[in-house]
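Got a structure for you, questions after.
Labels A, B and C are assigned to the chains in the order they are written; within every chain, residues are numbered from 1.
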Amino acid sequence: MAVVEQPLLMVESISAGYGRVDVLQDVSLHVHAQEVVAIIGPNGAGKSTVLKTIMGFLKPSKGDVHFDGQRITGMATHHVVRVGLGYVPQGRVVFPHMTVLENLEMGAFTVSDPRAVKVSLDETFALFPRLAERRSQLAGTMSGGEQQMLSIGRSLMTKPKMILLDEPSLGLSPRFVDMVFEQILALKIRGMAIAMVEQNAARALEIAHRGYVLELGRNKYEGEGSELATDARVRKMYLGG
Amino acid sequence: MSSILEVEGLKVSFGGLTAVNGLSFAITEGSITGLIGPNGSGKTTAFNLISGVIKPDAGRVVLNGRNVAGWAPHRITAQGLARTYQISRVFGQMTVWENMMVAAGRATHPPAERARLLLERVNLYDHRDAMGADLSYGQAKLLEIVRSLMLEPKLLLLDEPFAGVNPTMGQTVLAILHELHAEGLTILVVDHAMSIIMNLCERLLVMDMGALIADGPSTQIQQNEEVIEAYFGRRGAKLVEAAAGATNSDGEA
Amino acid sequence: MIAVSSLRPTTTRGAIGLAVGVAILAALAVVPFVLPSYRTALFVLTFMYITLASSWNIISGYTGYVSFGHAAFFGLGAYSAALLMIRLSVHWILACIAGGLLAAVVAVPLGFILLRLRGPYFAISMLGLSAALQIVASSWTPMTRGGSGLSLPPTLNLVESYFAMALSMLVVLFVSYLIITSRYGLRLIAIREDEGAAESMGINTTAHKVSAFVISAFFPGLVGGVYAWYLAYIDPTSVFRPILSIDMIIMSMFGGAGTVFGPVIGGVVLTAIAEAFWARLPELHQAVFGVLVIIIVLFMPGGVMNLLRTRGLLPRNWRI
């Protein structure tokens, strides 16, 4: 990958946490445009906390976050979205009593131009034809995999330059895990920059260009996706090895 | 050594999702066992089934020879089981002392004496008049543990006692558990703090997708490929080809 | 019921409290003989409201199961006692006790059924119950004479009513005190704080909730009978009206739900306010109550007693 230009997302030595204790200590990572980066690690590594700090749900006690050349450290979440970051939270958060279409429209809440919304909708439907088929279906009646698709689709409605995915395959059966990774692959093919926190490290590293391995709130390893996937040290880490 | 707890074919589903699917294992009296597994493997659900918080769809939970599957929690507790929760459920509008007193049932020792001794072990006796709501995270965890000991259980289920706890507090919790084990209490622990669990527990039960995938000494489990795969994840077969073909995986545009 | 020693007051505090208590009781004992009837009647009403608020407190303040229709038991007691006095010429004291017992007995199956319902649903179900009983009282004309109400043979009974209400109040307060300083009461608080955790700790929450509910039903039933005898007339509206249930709640909450004296403070203050407004502006007192609810919710949740606790004037776990 031609890596001369500035990374799209730069997280520099952030420390952050909930309350008095910092869960993250001095964590750094970066993601280039069109790059898929996986953030993996055993439980308690603070992976989701990294995404929450980037998105502004938490303010870091130390460190900086830059996106697209702009300093976004501690910026309010809705501003972070406006700057071009999309966020797909953990757990397939959809509005169960609204239709697929309504859910997507909710995703475009910050977009004032209705024509832009229509364009985004068309693009999302093109990317995920299954959502087009089910546009009038109530989100609560869809399968886990479809709900995740909808959640991702909704994040696309603001035309982000980059998407943060928080544990997209969590709690899904193997069949739906396949479905979700196909969706992520589709995004990758379209050239979307992605930072993905995943519990299923093997799958995440398979699809990612690069990966960061966190342990107990700190950077532990970093490397090409394929390298990390076969690195015995990484695998053993999960069982306290 | 007899089995204090025998779980046989335990099964429960919520809607379309089978959270626990034919779980079976036995716990020897006086042992300290760890129950581990990736997120969503059904560990907490298993605890909830054993302690009566949820009723199973099928299977047996044999505690001291009696099948308590489906019993109300307070009756299972009366049979000698106590448990703690992932997020400590200490009674906020009561003092530390009152928290201990409310657990004291028809205990053999005078409850006040027992409570004092237990609180002193975890350095909470001096805080006995503090309200539950004012305790720190770690203190609440310790209180929940000693409070459960007021019930004089024979089997203690601990749900993530090390979660979110700083290293110093973790040492205190570890020390208490070692002591209790030495005193003959049977302990079953769920936690994600791998290195601690590996050291603390003689034996590990590993769950994935609602069932047991491994059962053995910690050192063996650490090398077990299937267990590693359960945590690390399995690669998707067709995805590998698709990824290789469809994208410029080294990024050349 | 075993006492939790840290909850019963220490000797010096206890001695002072006892002395003050005896003084107050002595003063109250002479009221009907020194004050004009009008003022004595106000005391009767206050004692009744304190009893009602305190009863509500036993189920709702202690276990957290908020009842929005406790007037149901008041009305049940009133009608049962009235009918016993009218139809069977039962002595008023026996009739009132029977009214209380009937309410308590009805509360048993009711408790088992309704206390399974979560918070808002339990509240609404009690509201529905008192509304339903009001309709029964209005419609079952052969028994209750419907909307016309029941008239009892009038007696000059201010002094006896005064002491009957006072005694009921003292008994319910004493029972509240015994409960809240015992381990049984601590278990009720545990249910309020976290019912699931309480269950896990071996507490039979159903048995505890139902028993508290039954106790909380007896006293309204009892004073319902006294009320009927005192006024010599009751009708469905006067004994089942929703505002009665609401008044109990506001009084207990204003004074401090979950404590013994909270309902006393609430009962005294709010009855005084109602009385002050009633003479001049009858409807305004309800508006004042409404404002009070807002003040309680915004500035003093937990009522007066909690204010004392948070200011450090009372220990943080003071429930008396």
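Methods note: a contact is a pair of C-beta atoms (placed from the backbone, for glycine too) under 8 Å apart; a residue touches a chain by one contact, two chains touch by 3 or more.
The shown structure was predicted, so the numbers you read here are calculated from the model rather than taken from an experiment.
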item	value
Chain nearest the overall C-alpha centroid of the shown protein atoms	B
Greatest separation from subunit B - chain, by CA centre	C
Interchain centroid distance [CA atoms averaged], subunit A/subunit C, Å	56
Between subunit B and subunit C, centroid-to-centroid distance (C-alpha), Å	44
Centre distance in Å when subunit A and subunit B are each reduced to the mean of their C-alpha atoms	31
Complex contact set, residues of subunit A against subunit B	1-2, 21, 34-35, 42-44, 170-171, 177-178, 181-182, 185, 188-189, 198-204, 206-207, 209, 229, 234-236, 238-241
Touch list for subunit B against partner subunit C, complex	51-53, 72-74, 77-78, 82-83, 85, 89, 91-95, 97-98, 101-105, 112, 129, 131-132, 147-148, 151
Interfacial residue positions of subunit B with respect to subunit A in the complex	38-40, 163-164, 166, 192-198, 221-222, 227-229, 231-236, 238-240, 242-243, 246-247, 249-253
Complex contact set, residues of subunit C against subunit B	4-7, 183, 186-187, 189-190, 192-194, 196-205, 315-317
